[in-house]
Amino acid sequence: MKIAIFATCIVDAMYPKVALATVRILERLGHDVVFPAGQGCCSQMHVNSGYIDEALPVVRNHVEAFTAVDYDVAVAPSGSCVASLGHQQPMVARKCGDEGLARQAEEVAGRTYELSELLVDVLGVTDAEKQLGSYFPHRITYHPSCHGLRLLGLGDRPTTLLSSVEDLELVELPDAQECCGFGGTFSFKNPDVSGAMVDAKIKNIESTGTGLCAGGDSSCQLHMNGAARRRGSEVRTVHLAEILASTRANPLELDQIADLSIPRVHATITPSSAAGPGGAQAASSAGGAR
Amino acid sequence: MTVVDLGMPGTRIAYGSGNLYEETPFPEHARSELGNQQMRANIGHATHTIRAKRGRVVGELPDWQDLRDAGSAIKQEVGARLPELLEQFEANVTARGGIVHWARNAAEANRIVTDLVRAKGVDEIIKVKSMATQEIGLNEHLEGQGIKSHETDLAELIVQLGDDKPSHILVPAIHKNRDEIREIFSRRMPGTGKTLTNEPAVLAEAARTYLREKFLDTTVAVSGANFGIAESGTLTVVESEGNGRMCLTLPKTLITVMGIEKLLPRFADLEVFTQLLPRSSTGERMNPYTSMWTGVAEGDGPEEFHLVLLDNGRSAVLGDPDGRSALHCIRCSACLNVCPVYEHAGGHAYGSTYPGPIGAILSPQLTGVAAEQNNSLPYASSLCGRCYEVCPVKIDIPSILVHLRDEDVRTKHGERDDAAAQQRSTVSAAREAEAAATGAQPEPAEHPDRVKKSRVPSEMDVLMKGAGVVMSSGKRMALAEKALPLGRGALKPFGGAKWLPGMVGGWTQERDIPVPPSQSFRNWWRKHGEETEQRVARDLGSTALAPSGPGEAPSSSLAGHIEEHAGWGAEAQAVIRARAGQSSGGESTKSSDATSTGEEQA
Amino acid sequence: MSENVTRPTDREQDAKAAILSRIRYALRDEPAAPEVPRDYRRASSLDHAEVVDMLEDRLVDYKANVYRETGESLPQRVGQLLGEAVTIVPEGLDESWIPDSVRTVRDRGDDGGPLTARELDGLGAVVTSSTVSCAETGTIFLNSHPDEGRRALSLVPDHHVCVVPLDSVVELIPEAFERVSHDRPITMISGPSATSDIELERVEGVHGPRTLDVILLG
């Protein structure tokens, strides 16, 4: 299958390793990954801040970027950004009087999946150890971010995947369904309330005794992680994709989590025998390939 | 969309007055409230208690979503048919011996009630808890006119005796715990002394004794109404303690103040709302007492019944197609009880009579978004969506919040000058009316026609504009991301950043900024995108993977359809489904029940 | 109705016209009134015995006392519950329900008119019948019939003994609403008076009757 990755602006600029992890998971299943070069942002920051007119070019850019390239389905490592595509982009286009764009946005949203949704619903992955080789020998807890939880209805997809990772112990997070307090520009327009909310979230994570909280949205994690540091808490966050990408041969070490860069092993050009994109099919026994 | 008709705006759009305005912007008000640890502990305890109770009783009903759908549709019907339903309602109340009054705004309603009380020659009344009378500031007004109003609901009594302000729609004294209530009662309630303990049952008993004399002696009562039935003229008050029954039954004269949106078309519609309301508000299968009356009943209850129908900005809310569903609200307060912002900041931080998520939309809608006092309220939400998930009439609060933010930005950009002018003239007219009613000098108001022309872009404007330019082009994103190594170099020695200037300083008030990555994914991909084989080999070594079952025809993305029970923006989603003609996914709108969100497990 | 009734003024008539005009303007986009979907349960699928059991369970859950009696055993139970209490009995109540041992009064004061609120406050209890009861919510509906009396009777005395004939028990709220009339005042009662106003915890016993005895008669 040809899968377009929508990195999302925050992952692209701040958490490139999360996009890379997403790519690694899909490639080992034998799929071709393409990166539509024109992509920018889903427009959620503008919409949720009330700047609908300013959101329009951002929406148009996304729709054009994901219409210009040929692919079967698209994926993003973010519940919030994926939800925004179907939830907000058509609304923005309609408010600005562009019905054609609204329909195109609906079409793009209809084949763009959140990572756990793509893996479980489309690619039939439910056992991460056996089907992805995922290995992460640590105790973690999991925070389901609001938009994945309520707008997408991801349900237990992420935790099904996580709990099937080899040697991973998943501890339930108390009050998991409570918002972490990020809320986009809410985080700096109402810093005190946002701070009180993340206080509660960090305390709940600490109460699990794991110190490490997985999630599917890097924006929430930027907020939670930064707040934990400010409060002197040992709590750290890690993206679902990074855990699923971690294998016995190339494990994610705890001391790598703090560095947001692409791991050095992936950032140096290694000589290639012949294969271009998609050449991995030979190296994989995955049955998900077209 | 707020449309103002330039021809005769005065008669067409009028915003509300009374206790609907913030005095301090929400972020500042919240900051001071967050310092009140006792209040936060009290509210945290109470909201967690009620969430669990609500979850249990809602979970008992197999048809909860069907009831929500019915409740939402009935309220939509009320909005669409409001003129005819109001006329029908008035005719039926009148036919049964009631007297109907109409009040354009708070001052008019206050004057009507005052005149009615004066005509009875009394200077004391008893009151059933009512949001409408709270909104118009009836008690304060009556006090100024020498009429003492006794609140008879326990929580209202606590607030009144404590010279406090309500902080919750259902439980106005939610910010007080039993010890604080004991203190207030022993100080202000004659006859309570040292025997008074902090046991809720003992405190309730004290209130019973204190109020019993008032119930037996007072001849005029004022109430609100939960529902008014157009086809019969029947009014309904939903309560727990029996104070409502006392006020509605024993006095000779009953005056009910009701917002015009409280109508239901049919008597049978109560079968929906008497199920939705108690389970959503107190988390009970049914509240202890519900009273219904139609006009005056011979030999049973008040001999004289007055109904005051209140607009006070409701018609303005109705005029906004994207926001009018806020009028569906039945004041259950389920959204307050689940809202993390409310839980931490408390109800006082919202300033207005209506706190919490519903208040964050309803207050600015009633006063007009152009009211600067209330323009911070639509931002008082992280848009987590729990309010929509629990709303018994499916008010899409998150979407309306976003809509009001858009309206606020447009107002600030000068695209809503007519609405702003109308808002100002409403406020000054209300001040004059209030002054006329009380005989006081009106407070100086800004000239209604003076519209602020300062259009200097705000910090937020600059940020959004700049971000919009970058984020709407892959090329410009790539270019901007070239600065990442620079940021990384600058921040790495310090392990990140702890301070940012200006508005975004709100971020670093609470959080550190991490050291940025050395390059963006996009820029890395250009060089390494084709190294698939190496990546797979590095990750898997010689491990063989078990086959995964491919979706033959991929099911439609969840982004294309949103769960009805928890996903707000459901109407937009219905449009998406219809227009995109997507065949799959329709069945899944109810496939994932509320337990998947953890809501009903509480 | 008393003589000095305050009628709406001209100003208020203007207000009516203004408000209706505002509303019509607000609806200039002519939104459609949707068809109301009534897919919720409107008819019970349970046996009547199960419905009665459910009612008992729900009443007890909200701190009402529940007794099951037959026509024969009813008076004895009523007598035992009321004891020495001076009890008001609505005019239309079946007299055979009240044993001779009970000290009853009727709703007639010395002046021939109904008792005042203060006189009612001096009484110990009230016995009424009821119109319909909803099992699912544990709710009893009084509809101001002659055997239920005017609303004040079942409100002011601190002890309410309420007889619920078994054939008036239904499972669901919609079934209950079919059996009441808005022509007369309606009071829905679910347990003794209660409040959740202190820390959102339910406490029974405020202004309404603090003791609610329900006799299921059948």
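Just so it is clear, A, B and C label the chains in written order, and each chain counts residues from 1 on its own.
Assume a contact is a pair of C-beta atoms (placed from the backbone, for glycine too) under 8 Å apart; a residue touches a chain by one contact, two chains touch by 3 or more.
The UniProt protein names, listed by chain, are A = (Fe-S)-binding protein; B = Iron-sulfur cluster-binding protein; C = Lactate utilization protein C.
All figures in this text were calculated on a predicted structure; none of them were measured in a lab.
Undergrad: Hey, how far apart are subunit B and subunit C in touch steps, shortest way?
TA: 1
Undergrad: Which chain is the middle one, judged by CA centres?
TA: When every chain is reduced to its C-alpha mean, the one closest to the whole-protein mean is B.
Undergrad: Could you give the separation in Å between the centres of subunit A and subunit B, each centre being the mean of its C-alpha atoms?
TA: Between these chains, centre-to-centre, one finds 32 Å.
Undergrad: Could you give the separation in Å between the centres of subunit A and subunit C, each centre being the mean of its C-alpha atoms?
TA: 56
Undergrad: Among the residues of subunit A, pick out those that touch two or more other chains and give their numbers.
TA: Residue numbers touching two or more other chains: none in subunit A.
Undergrad: Sort out for me which residues of subunit C touch subunit B in the complex.
TA: 1-2, 4-8, 12-13, 15-16, 18-27, 29, 31-42, 58, 62, 114, 117-118, 121, 134, 136-139, 144, 150-152, 155-156, 173-174, 176-177, 182-209
Undergrad: Okay, in this complex, where on subunit B does subunit C touch?
TA: Residues 5, 11-14, 42, 45-47, 49-50, 53, 62-63, 66-67, 69-70, 73-74, 76-77, 79-83, 86-87, 90, 97, 99-104, 108, 112, 115-116, 119-120, 152-155, 158, 170-171, 173-174, 177-178, 181, 200-201, 203-205, 207-208, 211-212, 215-216, 229, 232, 234, 240-243, 245-246, 248-250, 252, 260, 267-268, 270-272, 274-275, 278, 282, 284-294, 296-297, 299-301, 303-304, 306, 309, 311, 315-316, 318-319, 321, 324 of subunit B touch subunit C in their complex.
Undergrad: Provide the residue numbers of subunit B that touch subunit A in the complex, in ascending order.
TA: 26-27, 30-31, 34, 40, 340-341, 344-345, 378-386, 388-389, 402, 404-409, 460, 464-465, 467-468, 470-477, 480-481, 484, 488, 496, 498, 503-507, 509-522, 524-525, 527-541, 543-551, 554-563, 566-569, 572-573, 575-576, 579-580, 582, 588, 592, 596-599
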